Structures are given as C-alpha cells and as structure tokens.
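Dropping the structures in below, format is structure tokens.
In the two complexes below, chain A is the common chain; its partner is chain B in one and chain C in the other.
== the complex of A and B ==
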C-alpha cells in the first residue's frame, strides 16, 4: 500500500512540471501586460520599457521560466507584482477562506447527499424517491454561481440574515465567521448534494439487490443493521469517487462563489491575477490548485483500498 | 465500517479545523493618527486668477466660512479595484484616485468653478521661467514629518526621476526645484507650460512624506484628512483610513473613518450597497445605476475627468479612402444621438466637444454637429459614399458602446465591424496605427496635453501622423501662454478638431462613477478631479 502511494505521488511530479510550463506559457502570452495595469492606459512606451526591464520581462522566456522554477523548487514562488508581497504569503493568508468554503460545501453536500440518497434508494419508485430524484435533477442543473447570486439577493440583501459580502475569520468572531460562510457553503453544497444523491441512490439500489444483502435479510437481521453494516460500505465505493472528483470541482466552483460574496480566498485572487496580468501570482495559485487536485485524487485512490479490500489486493 | 467512518469524519473535521484558522493580518510599521489636538491654521489663501508670462500677483481667497465640526461616523465604500501602488507618483490609474484622496493632498486643487484653488500651497507667482509657491504653515505628514519646501523638492524630484516615473512627462517643463526658504519653493521652468498647474493638482502634485517615500508603495503617508491605519487594514480586502487629528483643516473631513473594500464584481458591490454593508460603491453601468436610483440611492460623478471618444485616425484615407473626406467624418459625428446614448448606456453629459463651458479648451461658436440623421445622410451623398466598412477594436467593457455606435452609423450605410481585443489594451491599440477608427479613452486635464497627444503630427494618438498646419500654428502660439491668454487659442484648436471630424465626442463621461446610499450626504463630483466622488465633506447619517 505504501509503495503504491509513493509511486502515485512520484507520478505527480512530471504532471506538476508540465502544468507549470503550461501556466507559464499561457500567462506570458496573455495580451495586455502588467505595465498597462500598473501604470495606467496612457503610460508612455518609454515608461513601459523601464518597468518591464525592472520585472525581468525582457529576458528570453526560457530564462524567465528557469528562474521561476529554480525559485519555486526552493519554496519561493516570487513576489506578486500587484500586491508587492511574496506569493506564498498571499496564498497562506487566503487559504483558510477557500478551505472553509470547500470543506463546508463538501460537508453540506456529503451529509445531505448521503441521507437523501439512502432514503430514495430504500424505496425505489416510491413518491419520496421520485420527489428526491426530481429535486436532485434540478440541483444538478443549477450552476453554483447562479445559486450563489439568488441566495445573496434573497437571504442577504432582502432578509439581511447573512452578510452579502466579506469574510470574518473564525478566530476573530466565530458567529460572524459562520454567518459569512453559510450562504457560500450552501451554494457550493447543494449542487454537490444533488450529484451525490443520484449516485448514492443508484449504488444503494444495486447493493440492496445483491444476494448477500438478501441473505442477510433472510436471516432476520433488522433493516437498519443490514443498511449500516453491509449495504452502506459497499454502496459508498462509487460515491467516494464522485466525492473525490467533486472536491476538485468545488475548488474551481469557488472561483465564482468567492466573487459573488467578495470572499478573499484563493479563487478570487486567481481571477485578480488574470485580470491584472500578475504572472507570479497566477503561477502560484494555479500550481497550488493543480497540487490540490492531484493530492485529492491520490487520497481517493488510496481510500478505495480501505473501503474495499479487493481493490487493495488487485 | 466503523473505522472507515471514523477516518472519514476525522479527516473532514481536521480539514475544517485547519480551514478555520484565523487569517493573519499583516501589521507593518505604519504611521498612526496623532492624538494631539488639531492646530488652528489661519493661512492666507490665494488663487491664480490671472497669470502672465512675466510676473503675476497673487489674489487672496476668501477665508473658509464653514464652522469646524468634529468628524464622526464611518463611511464604507466598495471600490472596483484593489490598490496596485499607494505611491501616487507611480501610477496613472484613474480609479486609484479614490484611495489617494484619503491620504494625500496636492499643492493646488481644482475648485467648484473649475479654477485652481489653494491646498498645500497658499499662494503662487508665475513667470515665464518659474513658478514660486508659498506653502501652508503648520501642516504635518501623518508620520509627524513637517511639510515644508524641502518636502516639495523631494516629491517633485521623485515624480521626475523615480523608476519607472510614469508621470515624468507631466513635469517635463520643470528643469529644477529649489527650496528658497523653509516655506517657499520655486520650480524653474524651461518654458512656461499651462498644463503644469493642472498636473500639480493631480497625481503628480500629491505630496508623500519624504521619510516614507521608499515604502509609499504599500504604506501611504501624506498630509490628508485621513491617515492609513495598517493595523485595521487587511491587504487586498479592506483599507482603513482614520481621521488625522493634526489635520490642518478639520472641517473638511466629514467622517472620522473611511473603509474601502476592493470588490471587483459589480453584482457583489450592488449587493453590498443594497444590504447596507457599504455606503457607497463604484457603479459604472447605467442600467444598474438607474435601478439603484429607483430604490432611493443617489448617483454621483456624472461628469468625469475625461471619457472616451471616437478617434478618426486615418484622416488622409491611407486605409479607408472615404475618411479623407471631411463630409464623411462630419456625417458620422451627426449620426450619433448623444442624448439617447446617455439615456440608455452612458453615464455623463452629452457634448460634441471635450472641455465643458467655462473650462480652458472649450470651443465657442461651433458648427452644429448635434444629432441630425437627415443632414448626415445628405453629407454622405454629397461625398459620394454609400457603403463603408470600418473596423474598430473593442474590449469587453466598451463593447456595448461600440455596438451602439454601429447602430448610429448603420443608417448611413456604414458597417462597423468590431474586433475583440484583450482587456486593458485599448490605449496601446489606439496608438498602434492598426485602426483607421477607434473608441479611445481620453484622460488629459488640459487642452495642451490633449492637443499634443491627439492632434499634433507626432502625437502618440495620431498614429497616421496626420498634420494640420493650422493646428500646429495655433499650438505654437498657445503652448507657453497662461490660460487667461491662451484659452481662446486652445478653443480655436478644439473647434478645428471637432468641426473637421478628427475626434467625434459624445460627452463627458465619468470614469469613476459612484452610487451612494441615502445615508450619505454631501457627495459630489467635480470635472477634472480624478478621484471619483469627493469624500471630503461627506457625512453619513445614522
């Protein structure tokens, strides 16, 4: 198991390297340039040249990339051109916000999705099942950013139950923190729940029709014990795959949700770095996102072994 | 099963706990608002009402009549951009003016009447070779550094020689700056430059504490009514400015604290305003502004420091032959329904010329170029042009305007093809020489720089190098005259440019449009002042 994990981890290195080259190329060929952003629309060509030289943009691309990579390998992702501070510091400062959203959104999605999926799967074809399936279908079709906007307008602007903008750190005020992330987490969690409901329902129905479940029933074991002891664990294997993929998706969906609620997370700083052509910041945040997705997938792969020993043996 | 569930729950709980860690707030060394009582300053103000190429006596201004009141309350503003640099000498970004106006002050200001007014300089004398400023007594920077002639010397030298010095051209006529005594400073000029005083009322004239210049990029220290509070600010999220107790004119500050939240998303700014979490917000979309006004909010900054205009670069017909005919250009000007544009799309005041009445550069007795589709069609027929294709560059932000222009031009048989360009690249595209026609930004505050950039043969926004001998001749006469003597000449140049269809102006649009909540009182904008709406004097009622 350890060998398997290490092999998978080693395989991510070339992937991250390829990703960094791609991000670097995309960022450097973006039209516009940092000089216009920093100096304004009417900056003279002479001033632009001076600034570009200051930022090392006159060097050939391979030299710029090698310099960035050399520093990145030592944990230095450079300084943000617009924020004038180390990229690592910016990411560390903003990480709690994005993690709050991702974890909160996933918690809502997983709890709601598993519960409703099991309820629907227990009585397939019943009225409850059809209602849950209908709601789940609507949830899947609903974009997170649109849901976020609806929630903001109704619960923040009209009812004023939650703040429409901004984030309060947990250490500063736990109640305000909870209020500041509730709507964004719901916006991220509901579409996630919808996906998990559908997967859980389908997986659960299949497992409940298995012979070993029927046998367990036949021996007179109560339904709740059959579900919790035998059915749930096996039904979870495909659901975990969905959860793993979804975690990466939630991370990217927070791009839009952070914007709607003006939350100072990784996603909003990534958008800012694109808009302002802040290449070091863009490279840092994209690299981090790629790393997050890769590690998540690795953890999901490893979790199969825990859930289903047959996968481990294979 | 239990173990699996336990592991899953533990991982989720751990992740949540790590996510909930407090966001660290950077606490850099910073000037803290002073606690001493404000000094009562009774400086004699003076304004330049007249100037000549030789010696100009100063005219004392009337003393302030507003009774000083203690600033109170907090103004929360949602701004469309995050600060890229707090050093005003290193930026030409118009929207940064909102941040700068909290902390910094200029040597001279622009008054309500559009005339120059005293600020850190109380009086000045202008000759053809020098401007001498008498500085305001008793002014201190937020870090306690006294404001004096040496501070002005350091600042203006920073504008001229800093790196990369984007505002260097604004002080091109300043050969050297010298402190004559503690509170008198002289700018030695190569030639008198009428645009220089306007430049000194904008970013180039903002005074940064000499001891804080090196760190001004991140921590602004000026003489303004509010001092930057680094402890309460959070980089890129919230910028806090507290009333500076040693400010020389406390009555100018209506509120005790200003908080600026950079919010890039328009919908989020609107939500913040409507939910009462902010008191004012940058709203540059007319439809949104109108919706907010219908709900009791108030739009300010109708007239900005510049705007956009259709530039007809190819006036010699190099790329598009028909544009060499003045009648075609005039027809295009007459096909624009400016009133309809500002009712449906733009925020501003319709006008066929860039400088409003009463301002230097305003042209008198202009031919009627207002919306007249019949006359426009007749001019096209006279010119023998029935079908014309014009290719224009457009970023997403100005796409609706270009589409509207396409609609205005269509009845003339003009097909406006819109080519998408990257955001933030419109100015370089306008200067590139690739486009015969383009909708380009205008930011000049004085007709001299406007003419130099856009109408002279070597102007940066005259990429086809079209020469108009009459404009060159008038420019040569006006370029070294004070406004009182040169205004008529500048008006004549603008008249030629507008009537010949060099630049098709639509109106004075705001570049930093703001909507305020009903709680905000006294919010106003001023033409030529590139800070958005003026926070000085604004009060927030509970």
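== the complex of A and C ==
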C-alpha cells in the first residue's frame, strides 16, 4: 500500500508541472501583452517598452517560465495588480473560508448521498426508491447558489437561526464559525448528495445483482452483513470516482455560494481577477484549484487502493 | 419492464423509439425543451412588456393580472424578463454545446480510430483540462479573451469539449473492432470517410444522449457565471442575472428569487431527464423491473400439488434429504402477464445420494437450484410448489429463518468460481463469515476451521491463501475455495451447479474426486447440475432430465442410459460422441435451441423440436407418468410399444 501510495504521489508531479505551464501561458497570450494591460491602452509605446524590459518580457519564454516557476516554488506568485499585495498572502488569508465550505459541503453530500443511495438501491422500484430518485433528479438540477438564496431567505432572514451574511474564523469562535458556514455548506451539500445518490443507487443495484452477492446470500450470513461487507465496498468504487470529480466542482460552486453569503473566500478575488484582468491573482487562484484537484485525485487514487485489492497489489 | 417485454423481431432503431415512448418523463421533458425554444424564438412577440420597460410607480409588486409574476425593483415585468431570459439562456447553452461537439467529436473520433501516439497525446492533454472544473477553465479563458457573452459561451464550450472527446474516443475504440469497420478498411476507404460515414452514425445516438446531459451542465454554468456578473451584461436579462439582481431584495421581497431560479432548475431538469431517457432507451441493459413482493399465491393451487403437511406424512423423513414438489417460478412479463420459467419440477433426493440434473442451457436447471435455496432473483418469485429440507417446508419460511438453513443445512457451488467470490475480500473473510454466523465460532476458531476446510479441498499452502484475494488464485484453486465454503458447515444437501464446466479436464477430475470424498465423509445428498453425461455416468445414482422448465424424464442412471423413454433424453444421448460407433468424429446436435419461456407450447414443450411429435402432443399439458420401477417420463407416446 505504501509503495502504491508513493507511485501515485510521484505521478502527480508531471500533472502539476503541466498545469503550471498552462497557467504561465495565460499571461503571455493576453491580447496586446501584459505591459499594455498593466498600463492601459493609452500608454505610449516608449513606456510599454520600458516596462516590458523591466518585467523581463523580452527574454525567451522558457527563461521567463523558469524564473516564474522558481519564484512560485518559493511561494512567490508576485503582487496582485489591483490589490497591490502578494498574491500568496491574499490566498492564504482567504483559503480557510473556501476550504471550510468545500469540505463541509462535501461531507454533507457524501453522508446524505451514500445513505439515501443505499436505501433506494436496496429496494429498486419501491415507493421509497421512487421518492428518493425524484428528489435526487430535482437536486441535481438545482443551482447551488439559488438553493443558497432560498436557505438564506428562510433560515437566516425569516427564522434568524443563522447569520445571513459574514464569516467568523474558526480560531475566533468555533460555534459562530459553525453557524456562519452551516447554510453555505448545506447549499453545496444537497446538490452534491443528489448526484451521489444517483450513482450510489445504480452501482448498488448492479452489485446486488452480481454473482458474488448471490453466493454470499447462499452462505446464509445475515442480510446486514451481506449489504455492509460484501456489497458496499464494491459498490463504492464507481461512487468514489464521482465524488472525486464532484470535489473539484464543489470547490468552484462555492464561488457563487460565497457571493450569496458575502463570505471573504477566494470567490471575490477570482471574479475580481477575471473582470480586471489581474493576471497574478488569476494565476494564483487557478494554480490553487489545480493543486486542490491534484490532491483530491491523489486521495481518490489511494481510496481505490483501499477499496480494490487488485489495484493495490498490481 | 424486463427484456421479455420488448417486442421481438423489431429493428434496433424502432426498438429505441419504442423504449423512448415508454418513458413518459423523458417525453414530457422533451416537450418542455421544445416549448422553451419556441418561447426563445417568438419571445419578443409574446412578452407582455419590453425587458427594460420599467414603471417606477409599481416596484417590487407581487403577482397580479397586469404582471403575472410581479415586478422587480425598477417596476419591470418579471414574466417578460424571464421570457427574454429564455431567449438568451437557451441560445447561449446551444452555442456552448455546439462548440463543445464541433471541437470534441472529431478529435475523439480521430484519437480513437488512429490510436497510438496521437491518441496518447490527445488524451493526456484532455485529461489535463478535464481535471480542472469546467468553470475554472472557462474563467481562465474569459480573463484572457474578455467577458462578452459570446466569448464566455465559447470558453464554456471549450471546457465541455473534453467530455465529448473522452466519450467519442471510448466508443470509437469499441466500434473500431467491429466487422463493418474492417470491411470498410479492406475496401480501401480513407480514415476520414470511415470515421465520418461508418463510425459516426453508429455512435451518434449515444452522443445525442450525452449532449442532452451536457446541456444541463452548460445551462447551470451559464447561470452561475451570469449570477457572478460574468457574461450577460446588465442590459441582457439572463436567468442568472435576474437571480443576482434579486439578491439585493432578499429581505424586502424574497419572491423575486423564485421565478428566475425555478426557470433555471426546470430547464436543467428537463435536459437531465431527456438525457437519462435517451440513455435508457439506447442502453442494451434492461431497466430494473418493478419488484414484486408477491410470494406464493392462494392455497388452492398448492393443494393440487400436495401441501407441505400432507407431503410430510408421505415421505420418509429419515431417508429423504430434499423433496421438491411441483415447483413453479414466475417472472413478470409484458402487459402484466406472468412468465413461467420453471413450470412443474418435482425431485427427491435421499441422504448420501447423487442426483444428476441434465438439460441444455435455458432449460431452467439453475433457476431450480436457486429456487430450492429460496434465492430466486427479483423480480421473480416461487409461484407454486413445495421445497422440503429434511421434512421442513422452505417456501413459506421467512427470509431470516431461511438464512439460518442456507450455508448450514444446504449449500451451493457455482459454475464460475471467480465471479462467485467477492473480489475485494480475502479468502479468510469469505470462509469464516459463514462459520461464525452459523456455528458461533470466534475469529480464531473460525480461522482454524477454515484451514481444515482448505486442507480438505487440498488447496496447497492454505496458510498463505487465507490472506489472499480471489484474483490471486487460479481457476481450479478458486473452485476449491468455493467448495470449501459450501462444505463449511457439513450440509445435508449440496447443490453443485456445473462446478467443473469452466475447468480443464485434469482439474475437473480432481474436483469430482473431492466431491465424492466429502460425500462419503459427511453423507450428504448432492444435486449435480450438468450437461455432461460423462459426469452423470461417473458420479450420479439417478438422473433427472430437464427441458424448458419441466422435468421430462427421471430414473436410475443405468436405465436411462440404456433405454431413454423420452425423445429429448434420446436426442441428448445421441449427441454423445462416445456412443457413436460408426467411427466418425462428428458430434450431432439437436436441431434448434430451447425457445424463450414466453414461447413455450401449451402442450409438450419439446413438441416443436421433437422427431416423434404427433398432433396430440400439442393439445394439453403432458403429465409426468410412471413407466416402471423408479422411472417417470413426460411423453404422450410413452406407452406405445416399439417406439422405445
């Protein structure tokens, strides 16, 4: 298992490198070039040339990339053009918010999704199954930010159970922190649960019809044991794939949800970077997403190894 | 709907249409999507107000006759804005999906068809982009190219094109191996013609289903981006933009968020449902049938075949290990009809005896075995008959009690040992779980017992094997494990469902020897399902021949071999190469195959294939009649002298 884990870890290096090349290239293909973006369209050609020389933009691309990557590896992605402060600092400050939402939403989605998926898959075609399937279909189509707004209107504005906007850091007050992320996490978690329900249900039904489950029933071991030990683990394999993809999506969905609840996460800086063409900031957020995705995929690969001995021992 | 429910003899395309029509939800969804596009086209003519015409005297009003969905903060009519929003959102989604298809499908086709380095390079790049959430890919592109709606949708289309590349490539890889592609290649057609004229039409339906699903995703992303203020500008009323405007009035007028949000959700839902429906209609797999929890029907039928209590007095319980009487298994079929796949099976099995159950595939042997164990797969059920184990009626037992007998008093060995072992659990777990459940052993005792069992089935190095997984075993070893699991609690009845058919001849012999040894040690009765008369001759005391859901002949092995009394038995025996004394090596076969259950004749099931058939055979169900000592046959002409 350790060897398998290390191989998977090593495999992420080329992926991350490729991502960094893509992210780096974003800056170089800007129409007009970086200097024009920085100085505005009215800048005189002379100032543009001077700035280009200052920024080292006349060096060959590989040299520029090596310089940029070297800095990036030392935790320096440059200063944001619009915020006038180091990109890494901005991201590190805002990261806990987005991470809280993504992880919390994912947890709700996984727990709820697996449970309902199993219940539906145990009795396909039954009333419970049809109800769960219907709700899941609606849930998958539900825009997370709309759900967030509806939750905010009802539970925050009308019932006043939770704050409608704002964020309290975990270190400051854990209870307030939990209350400030509850609604956003639910808004991210319910559509995620809907997606997982659908996958879990169909994969559970497939596994329950398999020969080895029939054989397990034939040995007379109790039903709960057949379901929990013999069926669940095998049924989880395709579900884990869906969870992996979903993690990345939840990370990006939290952009809109953060906006609804006015949370100081990476959403507002991402949107800012896109709207104002703040390239270092954009590079930072995209790199962060890529890192998040790569780490996620690594975890998913490791869980494959745990779920499926054929992968682990191969 | 089961497989049997689909009309037979219909072409593939017609079948897909037929299956699609069965799905009311998908049809409603398709209708709704059509409606959305009609609204998108004629929107300006049907909208009661212009999208931007506001009346500041009537802001944030609830639904009224003048404004069906109320007004917003500038007094603009919400219904009109939704209608104009439909035009924008539906067009944007179409644009993005078309871009995704135009970019993705040709690349996927080429990568899949050409393969090799091109394929690896393309897939590497695609996986790289695919790893990022599409919205981030789109944001990156938008930052570079600008935030007009067209660039936004082009960016989203690019982000989604990777999905089409992956899907198209996967299907092309499969299609490439098909004969018609070989034919085209041999015919000297160039790559592009083969791919576009031959492969594309075959994978197009699946692509369309995928496109419908992607439409939903694209709509959601467009709404999200508009909501974030990227894409549709303030003057363009897209659904997401309307939602984001309503955010400022959440306290004062929460209803504002409802119409636009519902519009997005319904549209996405419609595309998802349509995609699911298309997917199901195209799928080769059948839809999971509605489960019927129906068990045995009224008592009247049961009495005809003898109820459990009656039968018990007739059968010497000390002798008979397993008694099956008039067993009937049904599955739901088309138009609420029921299809009988085991019709009338009666078998007696005495302790220490081996009974062979012989017949072609599709005759219902395995279903009989499963029904005996109470394991008829859903949605089927035992509709009639009785199964008695040591005098105890099983068909009326609740599942929890049946479980206590399964694996302990009776067990089964399956044909394919690999698929019957759980791929993700160790041999130890799979052997010790039944031991612990039935005998109450703790884990150490169960492990010791498992080692004994593996020694009994002569698996080399049992210590090591216990910690291994099924994929680390050979076929013969896996079957030994399967046998050890079946023998774990020394059952009184063992059902062996073609346990050696998948093995090579030497291993076959070893497994059969093991079975004989175990039978001598434990005195169990064996029901041996096979189509190999050689095994019947070697192993069995008596034999029952099964055809199309019925037992057609039973008797002692010697007698049946020497003088078959049913045309089907005779035909089966005639296919044995060993009996062919003429010296030719050709293996004769019975013409035709076992017909599917819904086509079984009311009279003799073998009638259509029988060499001795006369019109009387097809009139009424033929009963199993006794013809001499311990010998029964189901043939109208059984009594005719000179035939046999």
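The rule is short, and it goes like this: the second predicted complex is superposed on the first by the 237 of 314 C-alpha atoms of A that agree within 3 Å, B and C clash if a C-alpha of one lies under 4 Å from a C-alpha of the other, contacts with A are read in each partner's own complex, and residues count from 1 in each chain.
By our rule, a contact is a pair of C-beta atoms (placed from the backbone, for glycine too) under 8 Å apart; a residue touches a chain by one contact, two chains touch by 3 or more.
Note that the structure is a prediction, hence the values are computed from the model and not measured.
> Of the two partner chains, chain B (first) and chain C (second), which one does A:100 touch, if any: first, second, both, or neither?
The answer is first: A:100 touches chain B but not chain C.
> Examine A:248 and indicate which partner it touches, taking first as chain B and second as chain C; both and neither are also allowed.
second
> On the A-aligned overlay, A:166 touches which partner chain: chain B = first, chain C = second, or both, or neither?
first
> First (chain B), second (chain C), both or neither: which does A:141 touch?
A:141 sits against chain C, while chain B stays out of touch.
> Determine, under the contact definition given at the top, whether A:58 touches first (chain B), second (chain C), both, or neither.
The answer is neither, since A:58 touches no partner chain.
> So, A:152: does it touch chain B (first), chain C (second), both, or neither?
Both partners, chain B and chain C.
> Touch test for A:233: chain B only (first), chain C only (second), both, or neither?
A:233: touches chain B and chain C.
> Using the superposition on chain A as set up above, list the residues of chain A that contact both chain B and chain C.
30-31, 149, 152-153, 157, 164, 229, 233, 259-260, 271, 275, 277, 307
> Can you tell me which positions in chain C touch chain A when the two form their complex?
Spelled out, the residues of chain C in touch with chain A are 128, 131-133, 135-136, 139-140, 142-145, 147, 216, 220, 223-224, 227-230, 240, 243, 246-247, 250-251, 254, 257, 261, 264-266, 268-269, 272-273, 276, 288-291, 370, 373, 375, 377, 379, 399-400, 403-408, 411-412, 414, 416, 419-425, 429-430, 433-434, 437-438, 469, 471-472, 482, 485, 488.
> Touching residues of chain B toward chain A in the complex: what are they?
1, 3-4, 7, 12, 15-16, 18-24, 26, 78, 82, 84-85, 90-94, 163-166, 168-169, 217-218, 234-237, 261, 263-265, 267-268, 271-272, 274-278, 421-428, 441, 443, 453, 460
> Going by the contact rule at the top, pick out the chain A residues touching chain B in the complex.
30-32, 36-44, 47-48, 50-51, 54, 82-85, 90, 92-100, 102-104, 106-107, 110, 149, 152-153, 156-157, 160, 163-167, 169-172, 177, 228-229, 232-233, 236, 259-262, 264, 268-269, 271-272, 275-277, 306-307
> Quick one: which bits of chain A touch chain C in the complex? Just the residue numbers, please.
15, 18-19, 22-23, 26, 29-31, 123-126, 137-138, 140-143, 145-146, 149-150, 152-153, 157, 164, 205, 209-212, 214-223, 225, 229-230, 233-234, 248-249, 251-253, 255-256, 259-260, 267, 270-271, 273-275, 277, 279, 282, 286, 289-290, 293-294, 297, 307-310, 313
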